[in-house]
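Two complexes come next, and they have one chain in common, subunit A, joined by subunit B in the first and subunit C in the second.
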Partner chain A sequence: MEKNNILVRDLCKQFDEFLLDHVSFQVPKGRIVGFIGENGAGKSTTINLILDELKKDNGQIQIFGREHTSSSVKEDIGIVFDECNFHDVFNVSDIEKILSGVYKSWDSSLYRQYLKKFKIPERKQIGSFSKGMKMKLSIICAMAHKPKLLILDEATTGLDPVVRDEMLDLFLEFIQDEECSIFFSSHITSDIQKIADYVILIHQGKIIFEEQKDDLVYHFGIVKCGREKFASISPNDYIIHRITNVSVECLVRDKEAIKRKYKDIVVDNATLEDIMLFYIKGGAA
Partner chain B sequence: MEIIISNSSDKPIYEQICMQVKNLIMNGTLSAGEALPSMRVLAKDLHISVITVQRAYEDLTRDGFIETVSGKGSFVAAQNKEFIQEEQLRVAEELLQKVAEIGRAHGISYEQMTNILKLFYEE
Partner chain C sequence: MKGLIYKDITIFFKSIDKKLVIIAVGAIILLMVNTGVYAGLLASVMFTMTIGMQNIMSFASDEKASWKKYQLAMPVNAVSVVAGKYISVICTLAVSIVGSIILNLLPSIAFQSFNVTVWGVSAAVSLILPLLWTGICLPLTYWFGFRSAQTMGLITVIPMFYFVKYFEDGAGFSAMTNSIFSYIVIAGVAVVILFIISMIISTIGYSRKK
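Moving on, here comes the complex of A and B:
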């Protein structure tokens, strides 16, 4: 049985000044995969290629184990972009009329249930909604046709902490079904640090790593020391280092091993954000 | 089942879950045959990733505290509490022996050592 909902192999796409370079990763069933990287790193390009909104130059994309081209695949995918694309004059009932015509599996009672749960006003025009409310509506619409795969492109960016927390709840609810998975891109790493099972970092069109989140958070660390001490650390023991005016910091893969090998050394825990910054900024302070 | 996760703790979340479930089993709050929440439900309730819970359940299964029946879920294993306690006591004895050796060799008094142990117990 196919164990991935998305499988991408050696995906390439060339633009004038940007190259998506042999991107490979997978989104297993029942998992939440976070896709991080700075603006312009290639996150949206990758997502648009997966959705067949852009034509790939090379490589392989499988969704639910099939090379997708058909619209029947789209029926099983829920998509949320960072902007709400509904027209301002509509209300939630108008939206339902349209979408229930688009998706065969549209579940009206589920839609109503979500609207109630997230307190979306039924009669107001969408134009008068707050940004958070619009985003909630977009996510509800993506889920109301009962997809197996939810793809979100910066969907939680720009939402306040309360709404973001509600969204995380909704996402964890979604993967109660082991067949379902979520692929979500964000540059807000704290959301991903909370609920993602796997994390993929993309930088300048290349995948830098694809790791289990727990391995990143519990094993990676940041060594902080003076220049003299730094000279005694073997270059094999760290991934990247950066020199500041007051100290040297290195990203290490196994903080416990480092603590054992080098005495009197400060090893801090690394957050996902720290790790991302080290990889992206490299040696630059 | 009550589980309290500390985000500021140095212990990984899967270890915290593992320790607390073990504790609930050893003190009798959870009894043999009782069902544990499914991994996905617990992940949702704790707002953490499924793999983290999965890892805790795998460790609990490895240590014989729970049994997982595919398609049905995880249950507290029927085990002999006295037996587990005795085994753990033996592990502790070995460690304490090392403590005594270190203390004797370096002139650390028995009182100093017991104070440290007392502190750890109260932590």
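Moving on, here comes the complex of A and C:
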């Protein structure tokens, strides 16, 4: 039985000034996979290739164990982009009529239930909605045909913390079904840190790491010390270091091991953002 | 496809531009005053041109909302998407026909004249023009974007302008022979062929991937 809802192997795509270079990763069933990286790193390109909106140059993409170009796989995918793609003149009833005519598995009662839960006005035109309301509606629409895979491309960007929190709770609810997964691209690492099981970092078109979030958050750490103490740390004990005006900071893979080995240095917890910045900025302070 | 047809028809009606309506109503009234018994025919031409324009406007709203990006992620193939668009245009022909009937009825009552030929030509024009306009503009939209379609679509306005001038300044309807219906049949067949070819070109344009 297929373990992954998305499987990407050696995916390549060349543009004039950008190369997506042998990207490989997987999105297991029942898991939320966060896809992080700075703007222009290749997140949206990867998603567009998965959705068959761009033509891949090389590599393999499978969704639910089938070739991603098969139109039948799209029936089980819910997609949310960074902007609301519904015309301003529509209201929620229009959207219901449109999408129920597109998705065989559209569930009108579930749609109405979500609308009520998130207090989306039924009679107003979408053009008069706030950004938060538009994104809520987009997410509701992506979930109302009961997909097995949710793909979110910067879906929480631009939302206020309250709305973001509501949406993250909804995603956690969605993932309770072990057959479902979420592939969640964002540069807001706090969202990923809150809900993801796995984290993939992409930088300049290349996958830098694909790790379990708990491993990253609980094991990675940041050593902060002076230059003299830094000289005593073996280069094998840290991944990347950066020298600031006042100190040296090192990203370490196993903070407990470092604490045991170097008794007199301070090791702080590393957030996903810290880890991302270390990998992306490298030695630059 | 059902949902996509509903989408296009809803946009057509809900996004009617008030400025476009005011311009069209003004032009129609002006024509009715100037052209007497032919007012129904000419007003129908104006009205159907407005329908064609409104269709183009609704195509534009797809671009504004980045709808294509969203639609590409849906379980619908390119043929269904494009066919849905063309079917929605065919559905709007009902508006065009109803408008044509009303616009012919008004001068017929006002001038106490009922000319079958004028009514027939009006009905034919109200069917042919939106199809012609869409047949030209939709492939352009799918290949080069809405802006180029809008510009090229205006080219079809030029023959209409001369058509109206012909009635206002020239020999007018009296110079038309009985063979007008055979020309209309030929024009109708040509437009149907154009519409089909246009649909094929649009499908290829929509299916293109970067």
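The criterion applied here is as follows: the second predicted complex is superposed on the first by the 285 of 285 C-alpha atoms of A that agree within 3 Å, B and C clash if a C-alpha of one lies under 4 Å from a C-alpha of the other, contacts with A are read in each partner's own complex, and residues count from 1 in each chain.
Simple rule for what comes next: contacts are C-beta pairs under 8 Å (C-beta built on N, C-alpha and C of every residue); 3 or more make two chains touch, one makes a residue touch a chain.
Bear in mind that the values here come from a model prediction, so they are computed numbers and not experimental data.
Participant: Once both complexes are superposed via subunit A, do subunit B and subunit C end up clashing or fitting?
Facilitator: Fit - subunit B and subunit C, as placed by superposing on subunit A, sit side by side.
Participant: A:I98 contacts which: subunit B (first), subunit C (second), both, neither?
Facilitator: Second partner only, subunit C.
Participant: Considering only the touch criterion stated at the top, classify A:L168 as touching first (subunit B), second (subunit C), both, or neither.
Facilitator: first
Participant: So in the superposed three-chain picture, is A:N85 touching just subunit B, just subunit C, both, or none of them (first/second/both/neither)?
Facilitator: Touch partner of A:N85: subunit C, not subunit B.
Participant: When the two structures are overlaid on chain A, which partner does A:K74 contact: first (subunit B), second (subunit C), both, or neither?
Facilitator: After superposition on chain A, A:K74 lies in contact with subunit C alone.
Participant: Answer with first, second, both or neither: which of subunit B and subunit C does A:L51 touch in the superposed model?
Facilitator: second
Participant: Would you check which partner chain A:D264 touches, where first means subunit B only, second means subunit C only, and both and neither mean what they say?
Facilitator: The answer is neither, since A:D264 touches no partner chain.
Participant: With the two complexes overlaid on chain A, check the angle at subunit A between subunit B and subunit C, Cα centres, nearest 10°.
Facilitator: Result: 150 degrees, to the nearest ten.
Participant: Which partner does A:I195 contact after superposing on A: first (subunit B), second (subunit C), both, neither?
Facilitator: Only subunit B; A:I195 stays clear of subunit C.
Participant: Under the stated touch criterion, name the partner, subunit B or subunit C, that contacts more residues in subunit A.
Facilitator: In the superposed model, C touches more residues of subunit A.
Participant: Could you grab the smallest C-alpha gap between subunit B and subunit C in the overlay, to the nearest Å?
Facilitator: Least C-alpha distance after superposition: 27 Å.
Participant: What residues of subunit C sit close enough to touch subunit A in their complex?
Facilitator: Subunit C residues touching subunit A: 1-7, 10-11, 14-15, 61-62, 64-67, 69-70, 72-77, 209-210.
Participant: Which positions of subunit B touch subunit A when the two form their complex?
Facilitator: By the definition above, subunit B touches subunit A via 12-14, 40-41, 43-44, 47-52, 55.
Participant: Which of the residues in subunit A come into contact with subunit B in the complex?
Facilitator: 30-32, 165, 168-169, 172-173, 175-176, 178, 194-198, 212-214, 217-218
Participant: Would you pull the subunit A residues touching subunit C in the complex into a rising list?
Facilitator: So the residues of subunit A touching subunit C come out as 51-55, 71-72, 74-75, 77, 79, 81, 83-90, 94, 97-104, 151.
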